[in-house]
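In what follows, chain A forms one complex with chain B and a second complex with chain C.
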Partner chain A sequence: MSFGLIDILQSLIDGILFGSIYALIGLGFTLIFGAMEKLNMAYAASSIGGAYVGLGLATLFSLPLFLVFLIGPIAAGLISILVYLVSFRLIPSTNHLGSLMASIGALFFIDEVIIHETQGSPLTFPELGIFAEAYFMLGDLGFRGDLIFIMIFGLISMGVIIYLLYYTRLGLATRAVSQQNVAARLCGIPIHTINISTFVLAGILGGFAGCMAAASVGVISPLLTIPITIKGLIAAVIGGLGSIRGAIIAGLMIGGVENFFLLVRGVNERDIYVFLLLFVFLVLRPNGLFGNEINRD
Partner chain B sequence: MLKIKNIGKNFGGVKAVDDLSFNVDKGEIVGLIGPNGSGKSTTINLICGVFPVDFGNISVNEQNISSLPTHERVASGISRTFQNIRLFKDLSVWQNIWVALQQDSDQSSGWMREWFGNSKLQKEKIKEILVFSGLGDRFDDLAGNLSFGEQRRLELARAIASKPKLILLDEPAAGMNSDEVADLRQRILDLKKLGLTVLLVEHVMELVMNVVDRIVVLNFGKKIAEGSPENIQNNKDVQKAYLGGA
Partner chain C sequence: MEYYFGILQNIGFHTLLGLSAYLLLLTGQLSMAQVGFFAIGAYASGILTVIYGINIFLALGVGAIIASFFAFLVGFPALRIKGLMLVIATIAFSEIVRLYFFNLRWLVEKDGVEVGPDGAQGFREIRYFAANGWEPSHIVSFIWIVVILVLFALWWLDRVKAGSVLRAVGEDELAAQSSGINLTVVKVSAMTGGGFIAGIAGGLYAHSTTYVDHNSFTILLATFAVAYPILGGLKNVFGTLFAVIFIQGILIEGLRFLGDYRNLLFGLLIILVMNFYPKGLINIPIFNWSKLFKRRDL
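And then the complex of A and B:
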């Protein structure tokens, strides 16, 4: 196998752009962790689930296909509420392992529902109109329009979330809940409402990422769930759990690393290097790129 | 104001609070004292709903609050500080107050304005509370960067921000020197002047005896005495409980 500098650059560009999807999913993991100090393992599954609901409703009612990208995120937000109620609200908040296991259960439940409803076969997923056709050339390097769109969406989401968390009372209340749960309740903050709002916001972002992941490859399949869960989670951990910009940067980085090793070492070895990256971070920088040491009594 | 009727709480068979009843009248400062492990903090936690009572009733202004979630008890006029300081350390001083600040009930502001509204409109009010609490010059600092004494004052300020009628102080003098205790005493009296009712859990007798109107003494989760500071100081049961052998 021979490849030049251009090939390497091109694969990095494609990878980083595709990494926007990991970044958005990582952002969702990190948001929920930041609010509750818990992992919602069903997060990527509800994102893909939302994309399925969007596709299903659009097909059922013969809606214009671009509406999939609107219905999908909303549906993912609603599925997230269900996941919150079942896996977090009903389980005592002191039982960290309980919520983790329950959310893994929710992940497989959502996956199974999808497999049963679709007889296990992948469905064709619409492309996002003009964005899918757009392809920019810069010298010898090409940039996919749909992926640039996701990346810009991811960066805007990051900005909006940082604004919400640092400049609105809702965001400050969310941070207060994660810093001092009991004291926050005693400030009159309805913690379950706050947690649900975080789940809905994360769910909408994830639903969009799910739609875009499916659109970028042209098919949707329950097989998408696990890789996106794992890479989103790795993005959240490498970025530093709870760090918003960390999740975005790490997501893009993982996309780049993944695609680089796809070029250099082939598809069979690609994921080994992603896990190796995680390993290096866990050993050398266990709090991630921007993670704070967790201090909470 | 606050009526506690036959409340009980067990932790794994241990009766932390056992058939406890007492009242706190409007505008009163009541001290809740007792040896370590006598159930004082548990009582406070039960009043503000950190965990539910196993038996009995707690009411504020004739409203039974025993089964309300904590944030709704705040709406009924309860507020508190903590024995081990629980500030939002990564938020600035004014943001700690903003989070706790309750909307004026006469002002029908919707949830949109409550959660997404502009902080500028409320900065005056926040400033006022901070100046009252002696933190006027610490407005923009991070709560985690305040000194120990300032953190205690900020906790008190945050407790006031939720517009309580009844404020529960859980060992506010812990770790303070006598100058700071004197300052704290004045602040508690200021609360009374504002018309607030205070329930004070405290070990520092120098503070308790000089600020409260009435004292309730607990031992092993039960009330063993109640009365004026003078009466309590001369009470044989209380002396026995503190000196051991009870």
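And then the complex of A and C:
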């Protein structure tokens, strides 16, 4: 196999652009972890679920296809509320294992509902309109329009989230709940409402990422859930759980590494190197790129 | 009869997997790596009997030792990370192992046929039992002798000091450390022990199904492995056994008439148990005979 510098650069660019999907999912994991110090394993499943609901409703009522990208995120937000209610609301906050297991249960439940409803076969997903056809050339390097759009969307949502968290009353309350749960409750902060709003925010982001992932691949399938869950988690961990910019940067990095090894070692082996990258980080820098030096459990 | 033997075998492997996760959960480590050790045990002992023609007992033992060696290696980095990070790291480990076997091609010609792991095609013809005239009933008995031995060993562990040490680490690491328990030794040995049990289970699985491929070792199986002890409860080993019989025997085999609605039940069951019996099914009143028949205090 021979490839030049241009091939490597091109595959890195494609990978980094596609990594924006991992970045968005990682952002959702990190957001929920930052608010509750818990992992919502069902997060990517509810994102894909939202995309399915959007596609299903749009086909059922023959709506214009761009509405999929509107209904999908809203549906994902609603599914996230359900996940919160069944996996986090009733389980005491000290029982970390309990809500982790319950959200894994929710992950498989959502996945199985999708498989049951679609008989397990992938569905075609509408493309991103004008963005899908756009293709920019810069010298010998090409940039896919739809992926650039996703990346810009990811950066904007990062900005919006940082604004919400650090410059609004809602953000103040969220940070208070995450730092001192009991004290926040004593101050009269409705912690469940705050947590639900975090879940909805993350869910809407995830729903958008799910729609984008499906649109850029062209099909949607329940098989997407587990890989996106794992890559999103890795992005969140490498970026440092709880760090917003970390998740974005790590997501883009994972996309780049993945596509580089796709070029060098082929499709069967590329994921091994992504996981090895995670191990390198866990051993050398367990707190991630931007994680706090707190010993979190 | 063959059908019931199949179910019994299946319950056997899943019990062993669940017990290997149980041992780690006693020390408070939630590990999704058990399926990785299971896969290592399956491939290693399969390769030993098929390619090198070694006796099954020796092959199982060596497979388990190789699996526990990898568990030992995973145990060390796992010391630096705990809780949720350990879950993610062990998921990554299991996926690395699965992808390694997905890419592993090691074909050897034996009696004119190519045998050995063949990448995505899987590892076929692990026919030690059939070639040596084992009846299905012998295989089932062999598997269950191993299961009962492991059950007894872990039950006995709770009766001696080592069990209390494990549970002390699981309850409160800081307190355990300050009473002079060496966390490194305890955690790494729990990991190694868990890897050993999962390795034996993998070897048994490979030989009784005669065929393994990378699809047998997914994250779903890893979830099952940790779900059994958590659903059953960590009070004693019988919780795990009960959860395996409940899920594999009743939910998956007994409710066959429900068709693919059964798959929905697994996720739902985890959610329900975690919400209503966070300490496990073993705490449902029907299992506490003594409490149920105790005289009411009036």
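Here is the rule we go by: the second predicted complex is superposed on the first by the 294 of 297 C-alpha atoms of A that agree within 3 Å, B and C clash if a C-alpha of one lies under 4 Å from a C-alpha of the other, contacts with A are read in each partner's own complex, and residues count from 1 in each chain.
As a working rule, a residue touches a chain if its C-beta (ideal position, glycine included) is under 8 Å from a C-beta of that chain, and two chains touch if they have at least 3 such contacts.
All figures in this text were calculated on a predicted structure; none of them were measured in a lab.
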After lining up the shared chain so the two structures overlap, which partner does A:136 touch, if you call chain B first and chain C second: first, second, both or neither? neither
Who does A:66 touch here: chain B (first), chain C (second), both, or neither? neither
After lining up the shared chain so the two structures overlap, which partner does A:230 touch, if you call chain B first and chain C second: first, second, both or neither? second
Just chain B (first), just chain C (second), both, or neither: which does A:182 touch? first
Which holds for A:3: it touches chain B only (first), chain C only (second), both, or neither? neither
Partner chain in contact with A:107 - chain B first, chain C second, else both or neither: second
Across chain A, the partner (chain B or chain C) reaching more residues is C
If we overlay the two complexes on their shared chain A, which of chain B and chain C does A:190 touch? Say first, second, both or neither. first
Contact residues of chain A, present in both the chain B and the chain C interface: 297
What does chain C use to touch chain A in their complex? 30, 77, 80-85, 87-89, 91-93, 95-96, 99-100, 102-103, 119-120, 218-220, 223, 226-227, 230, 260-261, 263-264, 266-271, 274-275, 278
Would you pull the chain B residues touching chain A in the complex into a rising list? 48-50, 69-71, 74-75, 79-80, 82, 84, 86-91, 95-96, 98-100, 102, 114-117, 119, 158, 161-162
Can you tell me which positions in chain A touch chain B when the two form their complex? 167-170, 172-173, 175-176, 179-180, 182-191, 295, 297
Using the touch definition up top, name the residues of chain A that touch chain C in the complex. 33, 38-39, 86-87, 90-92, 95-102, 104-113, 115-116, 226, 230, 233-234, 237, 241, 268-269, 271-272, 275-276, 278-279, 282-283, 286, 296-297
